[in-house]
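Paired with subunit B in one complex and with subunit C in the other, subunit A is shared by the two complexes that follow.
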Partner chain A sequence: MRPFDWRWLVVSSLLAGALAADAETRTQYGGTAHVAMRAAPTSLDPADGTQPDSFARRSLTMLMFDTLVTTDENEHVQAALATSWQASTGNQRWQFRLRHGVKFHDGTPLTAEVAAASLRAANPSWNVLVDADSVVIERDGADPELLAELALPRNAIAKRNSDSKPSGTGPFHIVDWQPAKRLTLAAEEACWRGRPFLDGVEVEMGRSFRDQMMALDLGKADWVEVAPEQSRRISAEGRLLASSLPIELMALVFTRDVKSADDRMLRESLALSVERGSIRSVLLQGAGQPAASILPNWLSGYAFVFPTDADLPRARHAREQVRTIPTWSVGYDGSDPVARLLAERIALNARDAGLSLQPTTANAADLRLVRISLASPDPWIALANAAALTGMPPVKSTGGSVEDLYAAEQAALATQRIIPLFHLPVSYAVATTLKNWTLRRDGSWSLADAWIGSGKP
Partner chain B sequence: MRGAVYNLGISNVIPKSVTRVSRSAPCLRFALQLSFVMLGLAIAARAVDWNAPEQQLARKIVAVTGPGAVAFSVENRSSLGRRDNEVIQNGLRGALEGLGIRFVKADQGAATVAISLSENPASYVWVAQIRQGAGEVAVVMVSAPRGEGSAAMHDSVPLSLRKTPLWAQDDPILDVVVLEENTVPARIAVLDPEKVSLYRMQGGKWQQEQTAGIVHARPWPRDMRGRLMPARDHLLDVYLPGLICHSTTGTPLTLNCRESDDPWPLVSGTLNGGTLSVFPSAGLGNGASTVIPQLSAFFASTRNFFTGALTPGVGRFTTVSKFYSAALLPRDKYTLWLFAATDGQVHMVDGVTDQPARLGWGSDLASVKTACGAGWQVLATSAGEPGDSVRAYEFPDRDPVPVSAAIEFSGAITAFWTEARGDTAIVVVRDRQTGDYEAFRLALACSQ
Partner chain C sequence: MTFRRKLLTVFALTVFLSVAAVTGLVLAVTRSAFEKTEGQRTAALITQFQQEFKHQGEEVARRVDTIAASEPVTRMATTLNGAASSTPADSAGYFELAKSMAESRQFDFLELVDGHGTIISSAQWPAKFGYPEAAFENLSASSEQGAFLKQEELQDSTALGLFAVRATRVGDHPIYVIGGRRLDKSFLSALDLPVDMRALLYQNRGDHFSPDLLLDPSSGENISEGVKPAEKFAPLIEAVRQYNQEMTGIVHWSSDQADDEVFHAIPLRGVGKERPLLGILLIGNSRRSYVELKRHIRASALLVGGGGIVLAILLSSWVAARVTRPVGQLARAARSVAAGNWDTRVEVPGTDELSQLADSFNRMTTELLTQKERLVQTERVAAWRELARRLAHELKNPLFPLQLTVENLVRARMQSPEQFDEVFRESSRTLLAEISNLKAIIGRFSEFSKMPHPQLQQVSVNELVRGVAQLFQAQLQAPGREPIDCKFEFDERLGPIAADPELLHRALSNLVLNAMDAMPKGGTLTLRTKPYDGKVIIEIADTGSGLTREECERIFTPYYTSKQHGTGLGLAIVQSVVSDHGGRISVQSEPGRGTTFMIELPSNPDTLQGTKS
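Right, the complex of A and B next:
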């Protein structure tokens, strides 16, 4: 059996060589890491449902907060704020014993009451109780995915104060917070996992890809985001590039359910008309993978059974079953540099099939071109979350076989609310002086154990 | 789908085999010769039995097609190697034949069965796409657990530096000390952030004797370090950031720990008239001991380095730059100390001068006494991909001369200490793929 490199981290080989030449082998304390990002969250509360989920938001959350449990690089559940846990009554009732001696950044101790309140805020439908130094979660039915769910950043334990700065137990505490603009974090000396190596992290928000890359080139940023279509060029230019496995789904999502047989035929026609392969080659510069499934193949193992090739004869045949052809508006994010081109190209493909699509940046549209950050490396959670985001019927984990997962995904796709297009990796360009950063499998990054090597003050 | 386990590639059979055994027993193979013997058994034991998923998938396929003639193909989309691919393909054919399937060419079958060997993070996923006539494609699938996998033997070229696996575990290993040995280690102590564990070799396996917990109030630094030192009047001393523990002499083993910023000894050995008689078994031909003045250094209790304060000092130097590790090289009339400073330089301190140099070395140094060459060699780490490496150097003057090939490890070196006996070093590596910590004894075979 040949070794299978499951590492989701891909570092450009050119710079891997440069790293190999670096002599440092032990971590160094001190320095501030500068991060730039496109996202511009207005709240740092992990449970704030008004904030869109993004890889950046997940990353920031885990710099400041901890979850009850975490998953390691092998998806094994590990203790975090909870030191032990026990499930009973057929995985319906879970009890988590909290770690002693942990304090929030405001100096108050972590208690079961605070942890329970935090989980209730994040999950209003859960029944969360306190039992001495334990938190008890009761679900309506068996929930085999609960541990993976609790490891999600949105379930991080936060103590909500009167101001806009919730207090956490993570490696960094908030020094300055200018919503949607700037976040300054400092190392938490008394962090229960040990003080981080960096003295601080400064985050610039709402920066375009171009501005971020310029900041990296000028030495003003150590960690910046890279658009998927730019990743090959960035790597070829000799920069250090970190890319995840494909964890972002780009898809067309209809804003309403199928309302008639004609509607169903037209949606099928549109799905068959999109030339994913050539769009990937030209507009995405070879990034990502064409997709006709919600879950990428590395996550499910069966995505290849959903054909991604365009089939224009079938698309036309489907369209010819319908007498009246409406003009559908396709909404896209005007700030996404590649979205307009994609929407226009999809409209062209649709026209070849006899359909009429009108790209628009307006919010009100018949369907939207969206990017969905898959929530978790757990396929059931990722599928359920994508279904919830796109208005599909809820997907309930059975904790069962891969065939059950396949059936659940097939059922979700059969609603025709979504036309998957591509699975994209998340890419970052990194200053070579920044060491020991982590790119998690969910596309988020961590600087909790990062340090700045010599050569940089 | 829970309990996902990635089955990562295995870069080195020997440490991995240790890891496997240590988890299940826990036990270890302690000697290289024994490792080679066990290697064959380990590989044989790893042979994955694909029979169950083969039978399962065959039944699902036949439930769709019924017995009869089918066109059959297999495509490998997974990390399975060619040999496993062939084994599975043959197994599937056999299972299908057993259920009444006959294999024919694509244009002769009532159905075509296209099997894809795929995978996800939790398991292998074998998918059969079945087309019968012009009908819809039926999809059936099974998951197959990941086996341990075999791996090619590395390090086939003899090296001057030899590593012998001692111990492996999930938790960080800070240090390992060999307490008893004949020709091979017979009893070891393993230090991790929360405990000291004693193991004895019995029947070819390491059996845990005792474990003593380490009580500490303050959180440990992230890059945790610690040192085990054999003691004369009791079993062990344990040096941890801001904490020092003394073990009891007899059984049961307990640790008396106190918060302390007392310095950590930089040389091992037993006290001998105000000096340390270091490394008495280090292979000196005349049987004499090398006498080296005692030297200790203060460790920063919330960091991963020594503060630079020395006691009693090296000549006129009681303070040097902050450093991660130190190595010594005895000379005729003095001892040259090498400090791997936090600024990336190596400071060579002879008591009169402090000469910094950028040698391109890593942060961890150790020195060993051998019976050849200059008699003392410095072992220096170096960062690399996919893992760190160690190389031996001599210092004819102040410039290092490499005297061995580099020996590579499967991940980052997290601890590197000269053993009390002085002729070997303990190196701890975090395997890049499994995340396990693996401790090795590193010896320099000078005849090479």
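Right, the complex of A and C next:
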């Protein structure tokens, strides 16, 4: 049997969207879209760094807030709240002119002061100034990636109120907010981009994949998340599936730096012992791509040069260089059904190399099996963000060339703080009645232009 | 030890030994019965375990049969047989099949293994797909057999299970279904255990005993902690592991023997040529009932024994009193008889042996009294005869000269009147002399009959003896006789005694005279004084001719004398004086080696005080 290729999922999902749009092109106003998600954020503030980044959070943010700029599917920067911008002093000083007539959901106008305050809250290290109706951002050095950075949801412009419900300028405003449980949004009639087709969006949070799928089957949800290992079965069952490019990195992350030469050898042995191919085939049911790099190949273009096959002889050889073998605990997310199996399998592979790994759901562990949502389709930003999340040395763009990117990633991997395992796509099952939805390259979705149809293709 | 104590000891010892013997016998019988019962119960439990094992095994085999024949497994077998070569990717779609089927069939363990022994799907360790099944060779050979024991490796431990293997054959490559149920607490709990019995299971793993591998359905997850530490099983487990055979041992949980348990360890073996030791079934039987019964018996024995001993003491005291009272009376009567009370009699209470003894005693004293009276009468007659003889002898000697003198006077009157006056004068002198002699004889007899009572006063014995010696000093060295040396051996520590100095002086003088008479050829007279046991000893010893034994026995008899001209009253007077002083005189002599008279006199301090006052 040939291995399942995720590309077919992408193609099929896009084709399905196209067909849907083609078959029922007459848009309809009204209706409420129901969304279910596993994530359970307790805050809607885009700049709240205490909340874990997730595709769901990014999606929700972009329903309620707008950024100064956005990127299109070709990664070209587009105007949003900022109508124009100008860089000077070697990309160190950026000035953004704000769009006129834009109002927050509470009716107050968007001003440079409010925008600057929002950006300062999201980026305390930035020097954000106000110049008439413009916002000026001064960096310590040249920052060619600032536009891509500003396009991230966490840099969305929000006006923070005392009721823990920040006000935005996006297509939907908050009607009801029960942290970590439920969010009810209503269409913003006075949105500067125009009123959305949907009257509202209801979001159920903290729902398991299984519950989400049941809600979809029962017609109680229109947009649900699908675990990567379930995507093939969902697709085979004829459901409408939307999958992104592999944008999520699954990796083993050590909680501390390399301490000694023995530690380095043991980490190398572990990295060489993992049978990514078998794990992808069976546990992930063909989803995703085996990875030995942080960035996926579609993002970097060079990921294929990092070998992903297990090399047990080399792993054993590396392990044999070490006299005392410690037992490492491998932490995993207990609520993630596949994480436990992955941890056990990795421990089994490690045992073949002579290593001792003990899977655990405890927070304190020697290394953790984590999913890292790559922050942006911009490779530098994705790499820098991943490095920041995993405790690696900061990655700074030096010129933007592929060689520089490769060198930066190589340097990051050389720290042996991380053992990349897989690049996984983000998949969603969609009700056939939901039309014109959008799946962004960063894995987030948008219902800003979606509408409820009859359900016929 | 008195007879009463001996009797009491014998009684108590008899009771104690009897109770001890009975207790020991009962304990031995109890132990034997307990061990027999324990053996029967253990055998019954083993049989039950085997039946439960067989029943569970049949159930496991039946369920594995069902799974092997199920549609999903058959479809999987068909699919995998169609592939050119089996890879994880080919079997990925069946990754969760074992888990779902194990849940529906209530299996703890279920693995689907291809013909090469590679795990396709595992319920107990899902991550183990693609890995070879360790015991595949043995398992595939057991595919048509019944259930068997198998130790299953899990993610972080191992488990002992009851397994069965069945093959699903669709094409050339069979798919093996290896299903099993965990041999755990629930399995042990299913055993219908009698009271005081319990069953535990040890999973044999590793090189040494580990408490974590011991399953006890009566405790928590395991019994490695708590009041009954599992380490106590280590010796028994290690013995079974070493000898690979059934063993029995006692586990002491505490210092209290009632907490002990007897454990029967049965090795549980797996399949294959080597039949590895996979587990050890421990069947425990509490010894509480036995120990408590033993304690009850011991307590009863102690109670009975103690009571018996007390009863024996009382009984033996009563019996001994009844037996020894007549004996005591006899002893007291004998002492009374010895003291001179010849008419002493004892009570004759019945007709038993002691009564007969008492009667004999009474008859003996009666007979002794009669014989004594006869003897006294005889002696009295003999004494009178002796007295008469002595009187006749004493009186006859003076009478004969008197007769001759009177006849001479008559003859002189008739034949020579001229010489009559001269004869008359001479005859008158002779007559007066003989009459005087007669008077002296009569006086001595009269004196003997009128011995005065001692007038006690403070007397120094040494001074008294020295005075007597000085009185005779001249005679001892008198010319015309062989000289006699006089030696004094006085103990100067002697104090005064209560005595009549005149009588004592007279008695000592008699003895000194006798000694001088005994040494006509000279010799040594030794006068000795010394204290002895609160008394004063006075010895008068000579080196004369000595006395025969018969003479020694009769020498104090009145009127007996060994001298040619003695009256036989001297020593009788001495004995009378000594006796009147509360003392005693004895004689030691051998012919040719001299004679020693020894006088014992009481110090009589009380008498002396009374005398002073």
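Convention: the second predicted complex is superposed on the first by the 432 of 457 C-alpha atoms of A that agree within 3 Å, B and C clash if a C-alpha of one lies under 4 Å from a C-alpha of the other, contacts with A are read in each partner's own complex, and residues count from 1 in each chain.
The criterion applied here is as follows: a contact is a pair of C-beta atoms (placed from the backbone, for glycine too) under 8 Å apart; a residue touches a chain by one contact, two chains touch by 3 or more.
Nothing here was measured: the structure is a model prediction, and the numbers come from that model.
In the superposition on chain A, no contact is made by A:50 with either subunit B or subunit C. Once the two complexes are overlaid on the shared chain, A:178 sits clear of subunit B and of subunit C alike.
Of the two partner chains, subunit B is the only one touched by A:27; subunit C is not. Set against each other, subunit B and subunit C differ in how many residues of subunit A they touch, and the higher count belongs to B. Residue contacts after overlaying the shared chain place A:278 against subunit C, while subunit B stays out of touching range. By the document's definition of touching, of the two partners only subunit C reaches A:345; subunit B does not.
Of the two partner chains placed by superposition, only subunit C is touched by A:286; subunit B is not. In the superposed model, A:358 lies in contact with subunit C only, and not with subunit B. Contacts of subunit A with subunit B, set against its contacts with subunit C after fitting on chain A, overlap at residues 1-3. Considering their complex, residues 1-3, 275, 277-278, 281-283, 285-286, 341-342, 344-345, 347-348, 358-359 of subunit A touch subunit C. Of all residues in subunit B, those touching subunit A in their complex are 1-11, 48, 77-81, 83-84, 116, 118-125, 127, 129, 137, 139-143, 147, 149-151, 219-224, 302-305, 324, 342-344, 359-364, 381-385, 388, 412-413, 433, 435. The touching residues of subunit A, counted against subunit B in their complex, run 1-7, 16-17, 19-20, 22-29, 72-76, 144-145, 147-148, 189-197, 297-302, 304-305, 377-380, 399, 401-403, 405-406, 449, 454. The residues of subunit C lying in touch with subunit A in their complex are 83, 87-93, 95, 125-131, 155-156.
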